[in-house]
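To keep things simple, chains are lettered A, B, C and D as they appear, and every chain counts its residues starting from 1.
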Amino acid sequence: MIYFHNDYSEGCHEKVLQRLIETNLKQTTGYGCDEYCAEAARKIKQACNREDADVHFLVGGTQANLTVIDAALRPHQGALCAVSGHINVHETGAVEATGHKVLPLPSSDAKITAQQVEQVVLAHRNDDSFEHMVQPKLVYISNPSELGTLYSLKELEALSTVCHENGLYLFLDGARMGYGLAAKDYDVTLADIARLCDVFYIGGTKVGALFGEAVVICNSALKEDFRYIIKQHGGMLAKGRLLGVQFDALFTDGLYFEISAHAVKMADQIRACFDELGVQYLVPGITNQIFPILPDELLAELSRNFMFTEMERVDDHNRCVRFCTSWATKQENVDALCAELKRLSGK
Amino acid sequence: MIYFHNDYSEGCHEKVLQRLIETNLKQTTGYGCDEYCAEAARKIKQACNREDADVHFLVGGTQANLTVIDAALRPHQGALCAVSGHINVHETGAVEATGHKVLPLPSSDAKITAQQVEQVVLAHRNDDSFEHMVQPKLVYISNPSELGTLYSLKELEALSTVCHENGLYLFLDGARMGYGLAAKDYDVTLADIARLCDVFYIGGTKVGALFGEAVVICNSALKEDFRYIIKQHGGMLAKGRLLGVQFDALFTDGLYFEISAHAVKMADQIRACFDELGVQYLVPGITNQIFPILPDELLAELSRNFMFTEMERVDDHNRCVRFCTSWATKQENVDALCAELKRLSGK
Amino acid sequence: MIYFHNDYSEGCHEKVLQRLIETNLKQTTGYGCDEYCAEAARKIKQACNREDADVHFLVGGTQANLTVIDAALRPHQGALCAVSGHINVHETGAVEATGHKVLPLPSSDAKITAQQVEQVVLAHRNDDSFEHMVQPKLVYISNPSELGTLYSLKELEALSTVCHENGLYLFLDGARMGYGLAAKDYDVTLADIARLCDVFYIGGTKVGALFGEAVVICNSALKEDFRYIIKQHGGMLAKGRLLGVQFDALFTDGLYFEISAHAVKMADQIRACFDELGVQYLVPGITNQIFPILPDELLAELSRNFMFTEMERVDDHNRCVRFCTSWATKQENVDALCAELKRLSGK
Amino acid sequence: MIYFHNDYSEGCHEKVLQRLIETNLKQTTGYGCDEYCAEAARKIKQACNREDADVHFLVGGTQANLTVIDAALRPHQGALCAVSGHINVHETGAVEATGHKVLPLPSSDAKITAQQVEQVVLAHRNDDSFEHMVQPKLVYISNPSELGTLYSLKELEALSTVCHENGLYLFLDGARMGYGLAAKDYDVTLADIARLCDVFYIGGTKVGALFGEAVVICNSALKEDFRYIIKQHGGMLAKGRLLGVQFDALFTDGLYFEISAHAVKMADQIRACFDELGVQYLVPGITNQIFPILPDELLAELSRNFMFTEMERVDDHNRCVRFCTSWATKQENVDALCAELKRLSGK
């Protein structure tokens, strides 16, 4: 069985593992106050071109989302996001468990627009009953999104502008950030993100690390006492060094970007195969996720040797599914997938 | 200025006030353990035909909603409701502040169907990632709804059945319950509600009391330790007797139903006027709320002497507005409104 | 049976009731945005000599405590108070239910000192693991305290100073404030409290109102969006006017202070009787609460006609009990109590 | 600099590391549903002699504590523990952040007794105002405790009995469980713990793993939907396998017990040295933690080459400090410490 159903099926990249092995018996202080975390933070700030940022390392994405949002909001404030946003759908109400409402906006491509945000803010402000409603205060976007779509530089700038003009924070979930930045012709850089967002995180779990997300706080208003909130939510790893070691490895000699590019290259080959076969997609994509619409019989056959994720049914005979590549995807497995797809399609 | 913009513009019905005056200097124990509360609870249980129910008196609707939902749910469970549901829109995230997600369902008439509930429950159960999603456990409905619509007996029975077959609680917000029960040709009784719901409340704030909602818990699973939860959320009135006295008055000699009927009669007269003028409604109605669609110029004129609530804009020249009657609405004010409407319509 | 077991056994003062009757059918807007609330707020600000303060009316004490504390704190911050503090003992974890730890300080008289606060703050600051501990950010005191003790002006000034020098808020629970301010020789005024505290409330429930506490916010940092937080916790009364009307009555012609003085006068008579009988107290007192230590046999006899509250057992034969007077206490009942005490003591 | 200041200064035991390396590129499903987790759970249940238990793997101790307690309690219920308990002092209010009050009991040795629990439960039950107080529902103990003390079998049985007779849950925090079970002459086994507790966890972070705690749920009432609660609090690791792999290694061929015994052996040598030098302890101990009271000058000298933790000051010239050994402590470092202690003591 060959896994294409997600980008966290393996452990970590060999260089990350190597660093964990090398440092294993080194003694350090705990809770992320060690030299590895300091060095990783230094490299990340440099890569972001934000020497003034604070960097914190958290174990996973849900933890990062709930910690950032809880730290940023007062009790009556909520987080705007696409209705398909991870915090709205797939975190078992983690944000609500911290007391905050998620305010979903309609979206067909898992993205939201500056105009949507502005409309909500104005509607809130102009409503006579505004104090009876949750105050929108933070905009959560994922980039790449849950559907692999990407915000263009122009879209991101517009969101940043509308947020800052209206006193909202812009928070970018970068669980798959590497696979976005490495996408062909994508016009946004890490420095752009760090310039436009108040806070964001760089995903390690899905991009070469065993686990870990690097939260980068750019807006000073969000920096104070952040470590207390991490601890309160059980996110302060005793051996915080593990996160420092891994992100140090990922941000040494561009490893993070290099392995992201590999995943995108593998995905591009699969996309080329689908294109050749005339397959339609739920949404077009250029990152490591592919959402083709395929006939049930083909999927039944394909599932004998390949794992992928079932998405929504499109009609009585076709379903959208998801294929993911990652830093660990092997060329031979991509070749095997493409060959099988062609065989099953009779080509 | 004559107020039709809500049903809580005055104090309380004279008979309720009279009872408050009579009992004012009587000494009682606190926190709702007094004889007035006991007597009011007895009368309410009788009216509900549920001697086995528990009755608790709370100060207001948001408090009742958040207390019931927090008492009923475990941390990972959420409350289904219409997207327009009061808990989803107009309680400043009160339910989320107790840690629970509100799970909104699409609705054009502020009601939800048994089929919608069943689909959500099945979708949750059949989703591979079900543990990553909030578990639907309680269905919140308001009856009359925020748009004055009513659940028929058949609809209510279907909701009750689908809830109980799937282990969900059915919770009915009856902030305006009297105005529903008193509506002409409405086929649901208080006893029906008490038979079909796990928990509900009978609104006093909008129906003759100074304030107060009587929460009726029918399902034994929801009874334990409810008073602790009331206290924890600041809902246990030191002089709980005030609620007992008022509900005792309201449920003596059918006062609650009598004054509700008055409000509906007043609303029916206004509806007859709108009908005569050929006015369209956002939704048809038979309770104390009316949602006509009226031209901007007429509304501008009307607002000189009458207060009503602006709802959504329908097109460039027309807006939906809300007129409310109540137990306190005077015939002369209804006459004045109808006369003015006709004058402004040139009839 | 004559009640001395608390100060909320009756309804409200006749002048308050009169105002409720007079205004009962007047139409107003809801949620505390009416003219009565505005007028009451104006009078309270004047009485506090703080025209710059914000005044909000809440239904009860627990609600006021949880709303103020939740509005003031970030998630990792806690509230210091005496171990016997109402928020620590008798609110069913209402503060914790908003996510905040109560940080209890030892106290034998229900008061805490500036020195205690300073020590905790310094200990926190100097602890290597400070981020692993709840950050003290607010000091909660009740004045009069749960044991009827009072903070002197010097003590209050010292607390205020230590709080402000260390970035903490000083929050005073004045559920029984009137009975403190009216105590003989007490050197603190309402204006002192308003000058020294960041936020406090003036109790109505126990001092002449049916219910209600007037929260006065003096520190600008605590003012923003407070009404959202009230609503979120179910504390925004639809007919908010009821609170305005009552506080308007209480702060007209010094009624609040006059009726408080009556309660203290009644308590002073009872204290004089206990003194005459050579009775010891758990703590000495000058407000409306008295904590005598009495023999079990006498208490058994006394309880036939009088209600009082059992406090802690002192030894095998004696127990501390509490007698409360209030604005409603009748001279004849005090006389009856004193006569009975003397009779039972054989004097 | 040689570290004795905690038991999480290194990475993981070589055999654990080896298993992580071997399995690194193996593809598995996510979120702890993989074969490694299944195998580790099987071995743990066997070691506990509780085939009926549920085993879940969490990343850290604070996360385990808050997740278990939040899953077990209704909103008005709290957790009893020693005043020095980790959840009361060193988790930044993590339990309160889930809405629950921690109810601290006085303790000089970081343990609590069955009698204390019984007294609290009875006092609650017999208090007229019980609904105004947090209901004690769970007893949290740490074993070994924060001071390295241990519950004897008799003490543990008494706690278990009093809990179960009164409807409370007994929850044991075993962050350092190995170092307790391996202590000389300790009369409690893992099977005893699994027989007497409703839920507990076996610490990995401090005992040979990179990170991870194995939560064992014995009481069926606590099993339902536990994974939802893990996810909600951000505790569900995408690569849950990492926890399975590590605990599988630790529970293969008794590794967990073997490496625990090593740490205790090292601590025993240090204790023997302190005994020889006539040093007093804050509390006596037999696990991996040692709390000697030492003169300031000696500590100043010692701190040049050794790291240890400062505890409380005992008098003007002496302080209690903590030395920790672990699975990773080297004999040569213990020898160096003992030699230095003797040299500084002039022996």
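In the analysis below, contacts are C-beta pairs under 8 Å (C-beta built on N, C-alpha and C of every residue); 3 or more make two chains touch, one makes a residue touch a chain.
Because the structure is predicted, anything quoted here is derived from the model rather than measured.
Among the remaining chains, those touching subunit A as well as subunit D are B, C.
More C-beta pairs touch across one of B-C and A-C than the other; that pair is B-C. Put simply, the C-alpha centre of subunit A and that of subunit C have 50 angstrom between them. Centroids of subunit A and subunit B (each the mean of its C-alpha atoms) stand 42 Å apart. Remark: subunit B and subunit C have CA centroids separated by 34 Å (rounded to whole angstrom).
Among the residues of subunit B, those touching two or more other chains are numbered 75-76, 91-93, 97-99, 131-132, 228-229, 231-232, 236. The touching residues of subunit A, counted against subunit C in their complex, run 31, 70-71, 74-76, 98-99, 131-132, 135, 225, 227-229, 231-232, 236. Of all residues in subunit D, those touching subunit A in their complex are 1-3, 6, 8-12, 14, 17, 20-21, 23-30, 59-67, 91-94, 97-98, 205-206, 210-211, 228-229, 231-239, 241-242, 328.
Residue ranges of subunit A in contact with subunit B, taken from their complex: 75-76, 78, 89-93, 96-102, 128-129, 131-134, 310.
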